[in-house]
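Take a look at these structures.
Both of the next two complexes hold chain A, though its partner changes from chain B to chain C.
And now, the complex of A and B:
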């Protein structure tokens, strides 16, 4: 019994994912199918890639609200610069823009000591402004079909974009679990002062994680634009909220020091499966919003009930 | 240069304050005056009563919401659901206007808006769940509820000329637009409530030190609950202005407002940790953002330049605030 409670409180989201799979398998004949599952993975990859970086940042005790805007900037650059730089050059510039914005956020958070919430809230507004100024509120189209062909390509019957997501998820898991940097992520998030006393260079460490999430947001935006063969200035709106939702569903605490990539993967899949399954059942997408919002609060409630010490002031 | 750096060091004699401390304390007023001076010098269209009223008018929707959110933030919580709630309330009041008449529509809008506010308040105040995540969940849920209610269609008021509902967004009193008047009057009332009433002082207490306030016998549950009712109420007022001005509504009209509201509150120097802040400074914060928007447009900059400037202004404002408390410009991490 204890083990069951332990499982429910540690990874309640995987149980939800399991229930979802069983439920949708029975209610829709199209759900339980390899092609549909690789479709789900493809849909999950956009939010999923950012969520990997967000897990690092949030275990650190920080947050990044600027990922949606970064995604749009990278996608716009990667599509918009193609006539001048060619596909490879434009994609590189796009990725570089994400790294730069991540670095900027990280340096500001490190040097000024302003809370990451505020730093990235500012960046979220400012970078979105940059996107609108650069694109002049126009959508860009990739005229070289090789670009969108990449987004539609498959390897062994699995979409390449889904494979990239799986590969990076495994990498992120290994880094977080088995490297010094990974252990420092937990140390800094658990107790920043103690981590500093123990000799961890907290500022540069956090900077690295901001660069990581900037890069992943840019990558996610570029891959999304290969799927569409285009980029729009409004791309990625609200993605920061979806990403945080996925990460929190996966059991990562906002206060830092606690979380896992496996949990995040569960959160990402829960959102994707719910959307896919409800879509197959032809439920209007409005209800997905209500269900996801409610699940987020319920997961929080379960987490609070079972795993936090009860104290007077808590 | 050395003198400048030295001036940032702590340890001055009593009575003197360093420039850093001065900026930390009065930075927002300095920024406000700086904004007015710079824009007045660079364009002559800026400094006029008409233009100032335009600025207040533009600020009124975000500003009205920010008044309630200031209470929530001082109490040590966040409210990210106000943008969705604004969409919900505006769609509701506009849609019901033709069905049950303006008076009943306004009443019902406030009932349902406060109901949603009380759900927030219950989850955060009584169940003590993390406010950021709860209101994030509510953001998504309210968006869904709005779409289910309207079926995804835009709503509008058919007879726009002959309804007294136009009062809130389109008319003037003593030459002042009603939206600006609602914002100002509500601001004054809430400033008095915050500073002069027991309720206001208790909000500061629970935000400043939750444990101490509990041992002092304050009912934190109920107080947090009421801050969320208050932010739902001011969001309802903003919906009144918005619905009446546009006489129609899209389902996502308030999307992203929660963060602009928060930007204004933060710019006003209210700490996200709770326990400090003021309505007057929130008003100045929101006005600065609106002034930047207005001034840059008058100067002929592209519309979105204001967002870039907002980015810089928010970070510099909070940085100076923190640096003043720390006594050092840069952090030690």
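And now, the complex of A and C:
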């Protein structure tokens, strides 16, 4: 029981998710349908995959703004190179591009000491430019139908993409909570100096997290392109903001040292459920934005009120 | 209770006419804790009134009430025979009561003058900063405080001691009637302390009432006119400093006798655990050579800025030396990083536990295993049960007072935080342990415990180095004392042959 109370006060976003589910179940007969739920998971998976990596990076005390552009580059490569390399080859190149951008972000931030916000802001602008040069502002279509078939495929009635998201969420949770790397994520984000003096190699550690988020952004982009059977150069615009919103909704602090995958999952689901439910109720999508913006501030207010350590700010 | 009241009367016959500030029966509760329970205090104009108590005794709460940060639940605050309510620090300031914080609250990127007048900047035409006026007035105050830096200097360029002076200057702007100092010497060296005490005496002479909070007995006896003692939120009496002694107030403060002083037998020297030869970094320190044997405690004594911390950081792989070598157990080593150092059996309990020692948001258990988490894993996965076991082992061994392994270190008292840091390093089974200012800002009880612990560690076969700016501490724990001045070792003493006088000379560069 204590654990449940603890979870609720630490994860106010799950209360919101719960309220949303109850509300939409009563207002729309279609909402509670299994197929609709699979749909929500599918819609959540794009932002969700990136958010997993963003949770690591943000607890670490960093941020990555280049994920939207990385997603577009990986998707464009994975679709655009198919005629030359085949599906597997093109997808591999797409994933590698994400790893490479992540590594570059990480190395620059580590070696120059320039704030990750600035480094990845530069990458966000630069990589998007790269996408436009590579695609010549054209959308690419996957001519091999096997590619989009994968995006539409299901296993036990659940979309494969949603299953991938669920699997990686569980993995990320376990890694963050029960491995050395996960523990060090908190230590480095909580107090970089203390972590360094305790023998943690802070630079390589942060680099690894940037590589992780680069990979996940690329994966997310490729999976998104399988859903559409195509890629466009404008794919993933503003996704960095949605990802950060989801992670912050989940209780991860911008200052680092605090956060969880469970919270992030809550944040991701909150956004997806709200969008899906409002859509079922035929509310124009602009209203969703207003509500999401308000919810973001309200949830953080609750978080500040109830989960701040006692004695601080008294 | 009545005996206590009688006691109070007998020790402290009230002379009403010169009581500037009187607290009567003040109480304050926080959820679950009664921080203050019917506390009385009277402070006279032109006196230094020391407030003593262990961490958690309620000193800080009392001072925050005086400064208007907290409001009391019950009781009265009387200033110059007027009942006052101070509902904010601004109101307290208007009444002439100013608190000088233990932790500096200054803006490093602004000038000294801007900091001194922060929130109170002289203006002209109501919206523009009157820079000349600002710097002139600040200059006057700095002269009064005998400060040797300029009003236009960037604050961040000043030493901690000078920043402390800026904090005092800031209080003087308001021509205060009562100034409260909360642990002002926590980060000062003996020399800087002398300067600060001069300033405090000058304030006192000019009729200001000083309330002085400190853990350091020697300071309190040197500086104060009267001493009031708090224990667990209750008032334990006020003493004329001239008519009491350390034992009496200590006993009042902790309600028990401190352990007897540590005995010093010359240790049986083991093999050389650490040998440093000709170590130097351009501009910081040069030609540092010394060795530490298994089973002994070597004290490094000197002023802040003498280079002691930098030497230790070099040995621990945080800095790269320009010259010299380090041998551990007779083996020449190049240590490039803290993780190298840890692999070779070194541990460093750093100078500042909050900034360097702990990840405050992490639990006691997680902090304990921070430096050797690898030992508590199976195939890369953390074995939480093993972690808990090791924390609980050290919790018992070091007598860490903490509700449990999940408790965040943020909420522990200074002494217990420091014990967690020590536990962290002990859990790496080091052969050589370096402790930099191990008892800074820690109450007397925990301090004595940590001193005993250091002796025990040496006895159990560790080579221990203690860097300290406090002479009593160095004298208490060390077998040998190395004095540093301005980046060099000036002298090395055996515990039994050293005197306070020679030690002071050695660290102020008066020997050689």
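Here is the rule we use: the second predicted complex is superposed on the first by the 299 of 314 C-alpha atoms of A that agree within 3 Å, B and C clash if a C-alpha of one lies under 4 Å from a C-alpha of the other, contacts with A are read in each partner's own complex, and residues count from 1 in each chain.
As a convention for this text, a residue touches a chain if its C-beta (ideal position, glycine included) is under 8 Å from a C-beta of that chain, and two chains touch if they have at least 3 such contacts.
What you see is a predicted model; the values in this text were computed from it and never measured.
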Legend entry - Touched partner set for A:196, first chain B, second chain C, both or neither: both
Inset, instruction - Check the residue A:257 against both partner chains and state whether it touches chain B (first), chain C (second), both, or neither. - result: second
Inset, instruction - Have a look at where A:117 lands relative to chain B and chain C in the superposition and call it first, second, both or neither. - result: first
Inset, instruction - State whether A:86 touches chain B only (first), chain C only (second), both chains, or neither. - result: neither
Inset, instruction - Check whether chain B or chain C contacts more residues of chain A in the superposed model. - result: B
Inset, instruction - Show which residues of chain A both chain B and chain C reach, each in its own complex. - result: 196, 312
Inset, instruction - Would you mind writing out the residues of chain A in touch with chain C in their complex? - result: 178-180, 182-184, 186-187, 190-191, 193-201, 257-258, 309-312
Legend entry - Residues on chain B engaged by chain A in the complex (per definition of touch): 80, 123, 127-130, 132-134, 136-145, 147-148, 152, 210-211, 214-215, 255-256, 259-260, 262-263, 266, 272, 302-308, 310-312, 314-315, 318-319, 322-323, 326, 330-331, 333
Legend entry - Touching residues (chain side chain C, partner chain A) in the complex: 316, 318, 337-339, 341-342, 348, 350, 355-362, 366, 370-374, 377, 380-382, 384, 408, 410-411, 424
Legend entry - Interface residues, chain A side, partner chain B - complex: 65, 108, 110-115, 117-119, 121-130, 132-133, 192, 196, 202-203, 206, 237-238, 241, 244-245, 248, 254, 284, 286-297, 300-301, 304, 312-314
